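Dumping the structure here so I can ask a few things about it.
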Amino acid sequence: MSPSDTLGHAAVEDWLRRFAADIAANKALLVKLDTAIGDGDHGTNMDRGMRKVLEKLDDLDGGDVGATLKAVGMALVSSVGGAAGPLYGTLFLQMGQSAAGRDSLDLEGWTAALDAGVKGVQARGKAQEGDKTMLDALLPAVEALRSAAGEGAGLAEALERSAGAARAGMEATIPLEARKGRASYLGPRSVGHQDPGATSSHLLLRAAADAARAG
Amino acid sequence: MSPSDTLGHAAVEDWLRRFAADIAANKALLVKLDTAIGDGDHGTNMDRGMRKVLEKLDDLDGGDVGATLKAVGMALVSSVGGAAGPLYGTLFLQMGQSAAGRDSLDLEGWTAALDAGVKGVQARGKAQEGDKTMLDALLPAVEALRSAAGEGAGLAEALERSAGAARAGMEATIPLEARKGRASYLGPRSVGHQDPGATSSHLLLRAAADAARAG
Amino acid sequence: MKKLINDPDAVTREALEGMAVAHGDRVRVSIEPAYVVRADAPIQGKVAIVSGGGAGHEPMHGGFVGPGMLDAACPGAVFTSPTPDQMLEATKAVDGGAGVLHIVKNYTGDVLNFEMAADLAKGDGIDVEAVVINDDVAVEDSLYTAGRRGVGATILAEKLCGAAADQGRSLADVAELCRRVNAEARSMGMALTACTTPQSGEPSFELGDDEMEIGIGIHGEPGRYREKLAPAAAIVERMASVVVEDLPFNSGDRVLAFVNGMGGTPLIELYIVYRDLHRLLAERGITIERNLIGDYITSLEMAGCSITLLRLDDELTSLWDAPVDTLALRWGA
Amino acid sequence: MKKLINDPDAVTREALEGMAVAHGDRVRVSIEPAYVVRADAPIQGKVAIVSGGGAGHEPMHGGFVGPGMLDAACPGAVFTSPTPDQMLEATKAVDGGAGVLHIVKNYTGDVLNFEMAADLAKGDGIDVEAVVINDDVAVEDSLYTAGRRGVGATILAEKLCGAAADQGRSLADVAELCRRVNAEARSMGMALTACTTPQSGEPSFELGDDEMEIGIGIHGEPGRYREKLAPAAAIVERMASVVVEDLPFNSGDRVLAFVNGMGGTPLIELYIVYRDLHRLLAERGITIERNLIGDYITSLEMAGCSITLLRLDDELTSLWDAPVDTLALRWGA
């Protein structure tokens, strides 16, 4: 089956389920990363939230991608807590807003939605690129989508490049000194550790690329 | 210098100073033994008390052995605390009572004094031989003094035998199950450990034998 | 991991269940969403005060719910800020028509979740003000970072604002008082040992037998500095001098001195810390007019302590002395 | 050894110095000999109540000195019973002419030192009665051994006798009440970790990561049994069933349930223990009418807990509810 150039509602659901599975599989890793420079709960927080999301997905009817993404955002906001709850919640709420009423997303729609989501995260958390947060994975991912589109790449290819950019952004957090979130309390002692939120954000975009390839 | 057959006031003082030094040197051992089957304070308790005794000895005037022993008992009662405070305190108070007004103790006087002291410990603590307490060192020591006297031994020889009996009694506490003191709370788990009070009591009688030999 | 728990994911819920059966006469406990309100809430015409944060800091905040202090507390999972829906329900449950003050510790998670909750509550027509507490001098104060953490001053603010609300003051007044308390208070903490969250099961950091962490928060994060272990008097000097010089507290100032245990430090040690703190402040001409000594804002079983100083004036002193009737702080009631 | 102290041999003294500067309005502290009396002692015509024991169990006993509870407390070195001269001076300082009750925990050291003190006080013409508390069911009760330890019931006895003394009852009456409380109370404790005394510097026992000690006392002694770690509900079942069956507590009984932390266990865990205890007692038809949850009789920084049950009747319940105004227990005052 060759990859389609839109993400239908089923593919979006597939993406969310993959993300939930990846979070569950990487829960201990995320806890470990957060223990080093935070309070050790990022893995359990995200896992609790994504389990709630899976329950929501089971109850879904209708194929409105925007409505589904909003429901995901609400589920995260009311179950994750911590910094990640409002931030990931906002990401999905804004993506849902952008995709409202759509039954599928082409590359342009996906890029617009992710961009809106990431802007929401920035507005809420007031962090910038280089502050050693999830934005260090998310912002390059949006950028990569845009340049892939400019170079005429298809959906799957563009999402693959966006996942790669997220990975590079995630890895680039290692040498940074944190300026936002709990890790900032460590000052220089935060250097040398990979940011847990950037790591879960990479998983998010990696799962999207996988869903696009499979879809 | 050949050992004398009485303990004069100087020899009694020498005994007490030797005992204080032995307690200080064995403080950690006594703590370790008490940690295994009690609460780990016997070494510090006895050391605190014997340091108080040394202060008292420095202030002493007069050569009344009984008065000195009573002063030692009072110092121990008001500084040691725990079980050992009243028990060693009583031992010395009763020895002092028995030796009241004497400027030296011959073998008979020493035996009578120690016997009175040990009876005081029994009356206060209600323990019997075999309960895994200091009495398991003290009672055989009194017994050994008596049989040594019966066999015509001199003071130094008798005290040497009494110290040996105390050592044997101390070692014999190892296989016992404690019935008195804190170690009794362990029930069968108290078996296999040497009693800390019996250990300090052996030091007491060992110091007496050393003082007699030197005296 | 050694804990008296049944299920790492159910720690907050089961503890709330315990609280519900233990203290039903004093508080009402909601399990889902999780919050604790005073049994007689809402108090008509009184400004209500709501706080909340991750669990693992007990008795904060649930232990401070009651007359003279908090109207409601929202606990999250261990060290995880609670969610807006909890805060919203708690806010609704305690609103007596005079508005609700949210006392928020300055952590990104707490701030963002309380922000969303305040937006929702306002949407429901409830007057909400939020004050963010950030008293921890271990962290640089900067516009470009997450800023200073909220620690010991939180409890002082909760007590003092609770007393002010009891006097019938307006929401704006009580919020202003809260900001003033925050502005006049400074804290610093240290750890002798790490702590272990039920979810992670591993100590939050590794520390040598002769090391301590200086400048810790209350979430098992490593501190700002790792240093050689020192006697209590030196540790007090190390922390209190930074606290004193930050505000700064000056000769002639009257203060409330709060020596807080992190959870695993025996009370007898906190009194030694207090003794040394009293000496240090006396040398600097600072008078301790009120004090609080004990485990009030903890970090699970972590061994260590924090020192908070609050500059007092007659108003703050009399608000401190006002009756309070909660599980963890109680006098005059 | 990691402790907030300056000198292992000065722990009790320096903590008392801290207490003196912190709470001079509530208690009078004597450093040499060491004791704490309520600030307004002696109360003429009231039976006075004195307790004491080794330090390291804080807030016991100093935290219980005040109106409605103890008139004086005598702390020893850590885990070492105090000496007769301390007890004698404290007894003299609080005697208001109606006699003095010594509440003594059943440890050889405590019993012998209090015995000597009582003899001395009687010699000084003071009427003294001593009651020995021995509520710990982990230890066999026998005439031929040191018998059962005094643990959690001590605090309940101190509170209840304090209330009775406030009612103007005679020394004989208050002592009789104390014996009754002791007879109606049973306790058992467990440890997840050892503790380290300042003097020894080493943990009081070695315990595997998956092991716990059941049937411990409050001095870091190993317990009666070493068992595999278990969930809170199983631990509660393990301890509470022995406690219940020992008295025995029967269906229909009303009890005071006291869940005590050993010092290093977070309060949130004690609430989980209380939840599980409440369920177990409910299944057996036993009603918890009053409760006490927190760190009251500790063993330095040991992690673990103890459970004490006291059978209540109307008299005991109303004595429990009577005002008390101490540092660690305070209500109605």
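In order of appearance the chains are A, B, C and D, and numbering begins at 1 in each one.
Keep in mind that, in the parts below, contacts are C-beta pairs under 8 Å (C-beta built on N, C-alpha and C of every residue); 3 or more make two chains touch, one makes a residue touch a chain.
What you are looking at is a predicted structure, and each value in this text was computed from that prediction instead of being measured.
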item	value
Number of hops, chain A to chain D, where each hop joins two touching chains	2
Co-neighbours of chain C and chain B - touch as defined	D
Distance-maximising chain from chain A - centres being C-alpha averages	B
Distance from the mean Cα position of chain D to that of chain C, given in whole angstrom	29
Approximate Å spacing (C-alpha centroids) for the pair chain B, chain D	33
Gap in Å, rounded to a whole number, between the CA centres of chain B and chain A	76
Residues of chain B engaged with two or more neighbouring chains	none
Residues of chain D touching at least two other chains	78
Pairs of chains in contact (touch as defined earlier), listed by label	A-C, B-D, C-D
Touching residues (chain side chain D, partner chain C) in the complex	2-7, 11-12, 14-19, 21-22, 55-56, 58-59, 63, 78, 192-193, 209, 212, 229, 231-233, 235, 263-276, 278, 288, 291, 293, 295, 298, 300-301, 303-305, 330-331, 333
List of chain B residues in touch with chain D within their complex	31-32, 35, 37-41, 43-45, 48, 77-87, 89, 124-125, 179-182, 184-187, 189
Residue ranges of chain D in contact with chain B within the complex	9, 33, 54, 76-85, 107-109, 112-113, 115-116, 138-140, 144-146, 149, 197, 199-200, 202, 204-205, 217, 219-222, 224
